[in-house]
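Two complexes follow with chain A in common, the first pairing it with chain B and the second with chain C.
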Partner chain A sequence: MAGGQGGGAVTPPAPGRDGAAAVPGLRRRSRVIDQGARYVVFGGAAFNVVLVVLVVAFLLQHAWPTISSIGLRNFFTSTDWQPDAGISFGVGMFGALAPIVGSFLVVALALLIAVPFAIAVAVFITDTNPIVGERFIRPAVEVFVGIPSVVYGYLGFITLLPLLRHIAPPGRDGSGVLAAGIVLAVMIVPTIATISADGLYSVPVTLREGSAALGATQWQTIRRVLLPAARPQIISGIVLGFARAMGEALAVALVIGDVNVIPNIAKEGIGALLQPFTTMTVTITDGVDKLAINPDGTAARYMLAVVLLFVTFVAIILVRLAARGRRGSRA
Partner chain B sequence: MNRRLRRQNTIAIAVLRGMVGLLVVLLVWIVVQLVTSGWSELTRGGFYTKVPNIGGPGGGVGPQLYNTVYVLILSMLFALPIGLAGGIFFAEYAGTGRLTNLLRRASETLATLPSIVVGLFGYALFVQATHSHPSRLAAALSLTVINLPYVVRISEDALRALPPALREGSLALGATRWQTVSRVLLPAALPALITGAIIAAGRVFGEAAAILFTGSNFSLTAHANYTLNPLDAGDTLAVNLYVFRIQAEPNVVTDARAYADGVAALLVMAVLVFNVGARLLGRAAVRRLQRTA
Partner chain C sequence: MQLRLLAIPAIAGLALVACGSDNNTSSTTTGNAAATATPSPTAAACQTGTITASGSTALQPLVQAAAQAYQTKCTGATITVSGGGSSTGLSNVSSGASDIGDSDVPVSNAKAVDPTTVKDHQVAIVVFSVIVNPKAGVTNLTTAQVRDIFSGKDTNWSQVGGANQAITLVERKPGSGTRLSFDKIIMQGTNESATPASTQDSTQLVLSGVAGPPGGVSYLAASSADATVTKVSLDGVAPSGDNVKAGTYKYFSHEHMYTKTAPASPLVEAFINFMVAADFQSTTVTQLGFLPLSTTTEQSLADQ
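So, the complex of A and B:
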């Protein structure tokens, strides 16, 4: 700018940051632009809030018929779900307990499978084999974060279901909670692993060295020092994996069978995991072609979306609490 | 005691490595399986240009591919400027007050919204409230909701990764904050921004649930072929993979399986290309900047 060349003056510019006073017009224009830009970038950030408010408002508005006429108690406790019966008979049933149970069951199974593997990968990358881990495993795992979830579902559909058909009771096609849990587990391992690895990296080197200097074996250091120290971030990773699995629709829809009956675990035992079932997301998805012609069923599906939204919000709060725990333990 | 510990150590670490090995084998198998079973489609000339011919041989996924790219570009046109502005705000303007906190939380919340929830929202706002029908525009706007928080984060990270001396030097020379951002920081962050934008585009490429509700015509055979109208509906590749299962059981309908395998392989290849491309382009941009500097 013009002011900067003012005779190579050694004296600092006058207070009031006015080095460019030589061209007042230009200076004023750039200040107006500067102020305008401030509003524009603020608008970009504020747009996020607008969207969140819009999402919540629209979902609640469209779910309202279910809340007001079916009632939350019926919605959350009944298993009688015939949302599309209204099209032909005039009366539908909107008890959503089965898909809600299904969602939590599938996600629990997915986490049970995924978490040990994810943590193993994280420790492998950061501690036991950092060179191979950094060069090959981490980039590979990151690629898998990017593979579309529907592709995982399709692969499960063409390879996993025929496999599970062999161990399923006769007459079943292998779809169900087990298939969905496995597909989701494969899908979320990369997510949990990368976040956990970041957590392990951020453990101060002195902790590691101190533990080794005290004579601990590598495994003792990992189990008693590193994993506890990185716990908040590992929990964040697990919760984000949980949220991803909970919200996944099409991958699950391809392998779970979409039958709205809670499997009888007491009677069927492990075989119940091979019985076609459903989740909230799958139940929402199967109404996609009747959105316009079936207002009651659509409202009930919006209500399921509200439940999903609520679960996701709780997950975010948990992540934040975990992060706070980290700050607390550092202090 | 000591020997016991050492043995425990050896066993635990062997188990850990074994688990990682198992997972790596699984991941490699996934890619190999998908790419090999779709390879014959990927290498067949008409696959990328012809319209599907379900139940018979020789069709392609031309309209779906076109739709995917169309919706991708349209949604990036919305998400990039807004997200970049948001990222600039968080990196360069935001304080540490309550307002900033609220904005950050909103962005995080948006990032964790399930795709299908965004799909229902998009249907309510972009289709029902506007008294229109599922369309490419509605799909692109819904994808913008999904992608915006990522673009915000990518932009913020790219700016934050710059050495503080750049910023301070520019301000010390008397530049306004916006001059600093637009003439010093953004050009310097360009490689990281390009890389980030490509990775964001890759996410959109494979997105399905939101489009199913807002832009799909839910059919394997009805297409708005290669039109430019944003109000036309049309399936994308990822949506198609789901619709296959519903409309044409891949294990029953002749050739449907081959199509679906081809689509899955194409999606995986696209992710690999996006990933590698992002890294290469980012690196090339760094080199060019260094030459001109």
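So, the complex of A and C:
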């Protein structure tokens, strides 16, 4: 023990104790700070959870009249949506089938267009040409992630609709499911691409080398080794793109026409894509200025918000399951 | 190496700024002209206090111009003007959240508001017009023809004497005050088509929706129509203030400002009196695209 010297002598810490063992008060203080930091961090996390719970409770509370007086069956199966008819004429109609179908249709189309593109971009960035990919393509794609969605919508309105008018049936102005699907696809390609690229990066180099050693071409490696290995990340990228597309209101509102009638696919075939339609998000934003004056219509819109929230929750749960799949099966 | 990439958007941004800099001067000069020409209240009519007005976005520019002029002359008055839509305005004045509720439609359209608790003040007249794309080849339609077009019965402009062009119907969103006025005055019980080409509410988008497709048709306030669309005469009568005065053009309505039957602040009455005074009516009201109350005492179907 060299501590007998006093002054600036510092005894080395005894094994098993923290580094402030030399000065007793310091150890107590640093332990208090440590505990305090733990509580603060826990508080931040807990606050987030509480916030989510409060939001869900708020939405459910305001949507409750839909369940009690409008009826869930009418809400989910009827296409007669006139929530504000109650203002002037007596009884509003609250059939939300059209917006719900519209949301899923538009997002499905967007994913159909976006996923192949996004995976192609990701593969290019990581494997086909990493030099050009990392230096030019990836920064460009990441810039696109930051562009506000209203810009996409407005560009779609100005440039895409006139183009679609050429192939639209007479009397239609080009707005509809196809226009909304294209705009959303352009919006979510960067999201899916960047996450998939990260997934492809994280595949161990040994897998690539092993595949090359076995004599595989680059495409064979990509298709049979890398993409399956990165599948959990790619799936989570797709699901996040899905959530973003599902929640998009303004970009879609500008190009979808906002007509509450389900296009007759039997009659029009593929032309149904060029009929105007609506989505849950567009229907909710439509009624924002009537909130004060129409309690039943407002409750129906809150119910649409609950449905949206529920769909997004399911998507996030799928992401968690996909991520766990990676850790589980790659033991 | 990443910094080099920043040069590309930076140069592009500079180029855009340099190219597109001349468009803002015209709107600011007209704004200034309106402000300098707005009359001021006489000193005797000045009241003090703080009031709020909210509601119709169509009426909002007029109320804002009046508030600005009033506050400049009467320093003890504070008037805050906001939008939110006619329904919001009606609900606000009923609940007391606003002193004045601006509305394009009469309070009878708001089931949640008790009409006996509010008082109506009409402050201006709006002339509406059916607008069509010039390529449709029509300048005049009968009211019956307009009904057929908007109910979806007619699908080609040749059926009403125009070019051989499919009709592209742009409607307003259900619940819109403009749609309500159109339905009451023109449609009169016939429903608008459930499957238009699209529904819009912002004036700009309605104009783009009509000017874009060759067969576009819709309706809006006549003063908002620009050179890209044609204003249609109804039954041979053009949408103008003179024709409203003569009683031959029926597609118009009054703008309302609702207050509580006994407003809390004397500033409310003073402000509204300022807006309906002949001075204000003959200058600012016409400058902002409305018609003065003196044009006609007739109440349109939308206000009955």
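Assume the second predicted complex is superposed on the first by the 292 of 331 C-alpha atoms of A that agree within 3 Å, B and C clash if a C-alpha of one lies under 4 Å from a C-alpha of the other, contacts with A are read in each partner's own complex, and residues count from 1 in each chain.
In the analysis below, a contact is a pair of C-beta atoms (placed from the backbone, for glycine too) under 8 Å apart; a residue touches a chain by one contact, two chains touch by 3 or more.
Just so you know, these numbers come straight off a predicted model, no measurement behind them.
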{"item": "Which of chain B and chain C A:258 touches, first, second, both or neither", "value": "second"}
{"item": "Chain B versus chain C as contact partner of A:233, first or second or both or neither", "value": "neither"}
{"item": "Touched partner set for A:41, first chain B, second chain C, both or neither", "value": "first"}
{"item": "Touching partner for A:170 - first (chain B), second (chain C), both, neither", "value": "second"}
{"item": "First, second, both or neither for A:143, with chain B first and chain C second", "value": "both"}
{"item": "Superposition-derived comparison: chain B or chain C, residues of chain A touched", "value": "B"}
{"item": "Partner chain(s) touched by A:66 [first = chain B, second = chain C, both, neither]", "value": "neither"}
{"item": "First, second, both or neither for A:246, with chain B first and chain C second", "value": "first"}
{"item": "Touched partner set for A:151, first chain B, second chain C, both or neither", "value": "first"}
{"item": "Touched partner set for A:283, first chain B, second chain C, both or neither", "value": "neither"}
{"item": "Those residues of chain A which chain B touches in one complex and chain C touches in the other", "value": "143, 157, 254, 289, 291"}
{"item": "Parts of chain C lying in touch with chain A, wherever the complex brings them together", "value": "1-2, 5, 9, 84-85, 87-88, 90-92, 95, 109-113, 155-156, 166-170, 173-175, 180, 194-200, 205, 208-209, 212-213, 215-216"}
{"item": "Chain A residues touching chain C - in the complex, by the definition given at the top", "value": "82, 84-88, 90, 135-136, 139, 143, 157, 161-162, 165, 170-175, 254, 257-261, 275-276, 286-287, 289-295"}
{"item": "In the complex with chain A, residue positions of chain B that touch it", "value": "5-6, 8-9, 12-13, 16-17, 19-20, 22-24, 26-27, 30, 33-34, 37, 81-90, 92-94, 102-103, 105-110, 112-118, 120-121, 123-125, 129, 145, 148-149, 152, 173-179, 181-182, 199, 202-203, 205-209, 212-213, 216, 218, 238-239, 241-242, 245, 250-251, 257, 260-261, 264, 267-268, 271-272, 274-275"}
{"item": "Of chain A, residues touching chain B in the complex", "value": "1, 3-4, 13, 17, 19-20, 30-31, 33-34, 37-38, 40-49, 51-52, 54-55, 58-59, 61-62, 116-117, 120-121, 123-124, 128-129, 137, 140-144, 146-155, 157-159, 186, 189, 217-220, 222-223, 240, 243, 246-250, 253-254, 281, 284-285, 288-289, 291, 301-302, 305, 308-309, 312-313, 315-316"}
